[in-house]
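Reviewing the structure listed below.
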Amino acid sequence: MSEHEEHTTHSQGFYIAIGVGLLIGTATTVGAAFVNLGPFNPVVALLIATIKAIVVVLFFMHVKDASEKLAGAVVLSGFFFLAILISLSLADYLTRSWR
Amino acid sequence: MASAVIPANQAPKLNYLNNGHSLRSWLLTTDHKRIAVLYLISVTTFFFFGGFFAMLIRLELLTPQGDLMQADTYNKVFTMHGMIMVFFFLIPVVPAVLGNFLIPIMIGAKDLAFPRINLLSWYLYIIGGILITHVMLTGGVDTGWTFYSPFSTEYTNTKIVEAGLAVFIAGFSSIFTGLNFIVTIHRMRAPGLTWSRLPLFIWANYATSLIMILGTPVVAITIVLVAVERLFHLGIFDPRLGGDPLLFQHLFWFYSHPAVYIMILPSMGVISELIGCFSRKRIFGYKFVALSSIAIAVIGFLVWAHHMFVAGISLYAAMIFSFLTFFVGVPSAVKVFNWTATLYKGSISYATPMLYAFGFIGLFTIGGLTGLFLATLGIDVHVTDTYFVVAHFHYVMVGGVLMGYLGGLHFWWPKISGRMYPEGWAKLSALFVFVGFNLTFFPQFILGYVGMPRRYWQYPPEFQVLNVLSTAGASVLAVGYLLPMIYFLWSLRYGPIASDNPWHAAGLEWKTTSPPPTFNFEETPVVTWEAYNYDEIPDKELEAPVAR
Amino acid sequence: MSGQVDALYIYLLLVAGVMTALIFVAVTVLAIKYRRVRGREAQQIEGSTILEITWSVIPFFVMLTFFIWGAVLYFKERTPPADSTEIYVVAKQWMWKFEHMEGQREINELHVPTGQNIKLIMTSQDVIHSFFVPAFRLKQDVLPGRYTTLWFKATVPGRYHLFCAEYCGTNHSGMGGEIVVMEPRDYAQWMAGGPAAPLQETGKQLFATLGCATCHRSDVQGRGPNLVGIYNKPVLLEDGRTVTADENYVRESILNPTAKIVNGFKPVMPTFQGIVSEEQLNALVAYVKSLAQPTPGSAGLQNEPAASPAQTQKTQVQ
Amino acid sequence: MEHEAHNPALLHHFVDAQQQKNAASLGMWLFLVTEIMFFGGMFCAYLVYRLKYFNAFAAGSQQLSIALGATNTAVLIISSVTVVLAVKAAEAGKRKVLVGYLAVTVLLGLTFLGIKGFEYREKFERHHVPGPTFQFTDTFDDNGRQIPVDSNEAQLFFSLYFAMTGMHALHMIIGCGLFSVLAVLAWRGHYSPGYFTPIENAGLYWHLVDIIWIYLFPLLYLISRHS
């Protein structure tokens, strides 16, 4: 039950470093957008966005520090059901004989 | 404090009802029990609004011609019936009234985790309710409760935006209720009350809350998009401007199909409690019944497009959704089988709540099985958008939800009000409800199969006989619903004083006084027993369940 | 088709009936047999995993038969045979308009011969409607902005109800009509009674008057793709995708020409949105489709390679 | 959640402070899930139309300023860092540092909104705001190739652009308001190392709003930018 004390494991410098990492990620996204990767442009953009989001969730929102044991499960379930919404909707759109 | 019987002639102990009598002490209360009572009153009010519209519909359909009202009026009447019943009665009824009252008590907590948010939920519900009443009184809406675009976004000239706002606000009431329940169930359980010891009512409400949290925001944003499209004439769903009306249907049913489980799951929880108590047995296959609630909630999110088999979705998507839909059938069937198996070697009494439970099993079986007809692609093409669908969802939503709700209300009425209801009248009304219900809705299955489309103001004369039967049933049903309203009110003053545990039931809610004190328990209970430990509770068979 | 739906329905009714009876009898018998009696206590039974699995798996497999049978039927219901006679349907608040290929037009009444596969190509002028003929056990929503199709083969002459099954506003319940099924001979007689030119002829005239023919030429390569023989053929698009030139594609290309540009062409065609009515659109689509066939008007051959080698060659130019 | 800001004391119905904190935290996480689903509906609509009308979406996207979008992304990321540092300061009981970071966060949030407002104004001037005045003419890519665009489809892109960024901006405004209130309360000494749940929870909210933008930026601004 001594959960919130665990946050302090990270120093100010650590958070700033993460922040810089995220900024680099943004720059990479912009840079990658100008390179022709064919169908992989959106894939790369979303991959970087997802990595950034995971970093924010893990370190800024302290899921990695287990301050809230359920938090990870809760957030994952959110994305899981969003994935259901999108994938099953697209299951219709992508299989229509005419779009 | 357990099973302390209060003599009728003494001043009652301080409880949540007599702890403050001012209007302020009610309207600004954060006590979950008082909020539950506020919901009870408001939800009942909307039930009678909705019921009034239902009677108008049935009266209009008594004859094939549209002679009672204008077509436009009829369209508004069935729209208001649907909207009020779905968003302001069926979705909140069991969680907000019984759930609100019982969840903290059943898990041995003093209140919900966020009492003020709970009160906020009620106010949001009321604001939404006032808005929809305003819409109702100033012209109404005529789109059906489904708001299908492009009719709703471009063609109707009724108050879509206001009605949408009402639903949006009521939706947030529902979201906050669900959030409150989940946190409460996770964080506020009494010592010793492990997940496997939770009453099935709690499990059911937990599953319901998951849907409220995950589904409601999607319909909220969808309604926002409809309103924006209507106000600024955008083309998000309007095909003339490049939009796709089917996208609206996808987003709408992503919530509105699971919403059906928001309605039915808590009632299923109630039924589990009732069958356990009046068979004096632990529910057969407790774990499976508990997990089937969660399974229904999760699988319920995978099946929404079965409302759209003829809407123009792709052939393959239709097959995927049809296939997935049958998976929901499994946990639903598991529940019915387990309830039936619980009766085996029980010690069954026929108190009113148990009659409702029997009624629930019967009606839900029919409602559930006809759902399989609709999930079967080849049949759905014929019966969708006909009275077959109307009959099916009334069997589930009215036959199921209301049976569970009324059963639960009778069962916990002594706890809520401290008084017993009159058993004879209650049995009579249960009979009225069951007979009236079947007479109203069974003919509609046949009507649907012979081809009467839903939302019809006039119809070919050959459908009249069945419609007359249905209207006759509706009047019986109305009596069945009015009776409890009268005798519950009567019992508040004249009903026998209830003991703390008039049913000799298991569960923490029966270990506190009737009605419970403001903080539910004088000291936090420590749970050392499994749920439904009826073997440890003296079986006072043949004893009248009334204290004195 | 209606017989097949009924057969499946009866199968479902039987299964559901047996299940309902089983539950009702079980509940009633158990409730009476184990009613509360002085001196008899309930026996606590925990449950049985084997039973749970049994009554999960068996219903599931039964339901699987529903699914398979239903899906097979649905597939048939949704796949019009190639030799169907086509009829265009335009729905609007609150009437049904029908256009036969021969040019006959009807409102709220559709005459069809027995024994002939009929394919309806339907669209809506305003909101969503649904074409529902209970006697045929068929229903299909009719959407604005695109075509949906439905096919049937009537067998017994008579008059059958036609309903709109998707709520569409004030007079939704009045938006009905009749399907008049006739013996082929009577039908031919009825058909001969009308004046009208065949639909694709109307389309051909429109094609000329709207100026389509100046770019979409069939003799030399114009500014627009040659339309001869394209119907139901794959078309390579500017962005590398391939689509099938079905009714919906032709329709979209008239209303929204820039949406799917054929490879090698410029997006120079103006939109005809708001210029052509739904009926004219149908005529144009019918005309473009007729170009795919060696003898315009005769149904059933659109899947054969487009007539002359010259035409085939031009198709490939695109 | 926020309401506890006014009452740092243990609420009567909780057993102890830890239970109260855990409840508030779980409540916040669940609320974030509802936010994900709320935006999720729009993301779903976006994906469907992007697949359907790719050209128009690409053309529409090219009307947005990458410089402004990227700057805003950076502003939000920096604000997320200041929020996390504010939480750390609250945990350490450094009142002035806490207030400082909260103030900087609010300023960064306002900067974001300012830039967003500037972008909106530009859209307005160029008639790219959906509605009766909407205009969209064919555009040309970097090679001078004409990109044909249907005005309705482009309007769909901008409808979704405004719906998504507008809803996001609304969340930013709420967040700025929230942090302003928290800064005042922190200044008055409402929070201690033993009780700073509101700051933590507001932080969670802010990070989620940040994450949503992290997705919005590439999806809206960076469609088909390569030549």
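All chains are identified by letter, namely A, B, C and D, in their written order; residue positions are counted from 1 within each chain.
Going forward, contacts are C-beta pairs under 8 Å (C-beta built on N, C-alpha and C of every residue); 3 or more make two chains touch, one makes a residue touch a chain.
What you see is a predicted model; the values in this text were computed from it and never measured.
Participant: May I ask which two chains are joined by the most contacting C-beta pairs?
Facilitator: So the chains sharing the most C-beta contacts are B-C.
Participant: Using C-alpha centroids, which chain lies at the maximum separation from subunit D?
Facilitator: C
Participant: Taking the mean of the C-alpha atoms as each chain's centre, how many Å separate subunit A from subunit D?
Facilitator: 14
Participant: Where the centres are mean C-alpha positions, what is the separation of subunit A from subunit C, in Å?
Facilitator: Centres of subunit A and subunit C (C-alpha means) sit 42 Å apart.
Participant: Could you work out how far the Cα centre of subunit B sits from that of subunit D, in whole Å?
Facilitator: Computed value for the inter-centroid distance: 36 Å.
Participant: Subunit C: which residues touch two or more other chains?
Facilitator: In subunit C, the residues touching two or more other chains are 146, 256.
Participant: Multi-chain contacts only, two chains or more: what residues does subunit A have there?
Facilitator: 70, 77-78, 81, 85, 89, 93, 97, in rising order.
Participant: Can you list the residues of subunit B that touch 2 or more other chains?
Facilitator: Where subunit B meets two or more other chains at a single residue, that happens at 186, 214, 218, 240, 242, 246-247, 250-251, 254, 315.
Participant: Touching subunit C in the complex: which residues of subunit D?
Facilitator: Those in contact with subunit C are residues 53-55, 138, 146, 148-150, 152-153.
Participant: Would you mind writing out the residues of subunit D in touch with subunit A in their complex?
Facilitator: Touch list, subunit D to subunit A: 18, 21-22, 25-26, 29-30, 32-33, 36-37, 40-41, 43-44, 47-48, 51-52, 66, 70, 73-74, 77-78, 80-81, 83-85, 87-88, 91-92, 200, 203-204, 207-208, 210-211, 214-215, 217-219, 222-227.
Participant: Spell out the residues on subunit C that touch subunit B in their complex, using ranges where they run on.
Facilitator: Checking each residue of subunit C against subunit B gives 4-5, 8-9, 12, 16, 19-20, 23-24, 26-27, 30-31, 34-48, 51-52, 55-56, 59-60, 63-64, 66-67, 69-75, 77-78, 93, 126-128, 130, 132, 134-135, 137-141, 143-146, 148, 161, 163-174, 256.
Participant: Write out the stretch or stretches of subunit B touching subunit D in their complex.
Facilitator: Against subunit D, subunit B makes touches at 109-117, 175, 179-180, 182-184, 186-188, 213-218, 220-222, 224-225, 228-229, 232-236, 240-244, 247, 250-251, 254, 519, 524.
Participant: Spell out the part of subunit C that touches subunit D in their complex, as residue ranges.
Facilitator: Going through subunit C, the ones touching subunit D are 239, 256, 258-259, 261, 266-267, 271.
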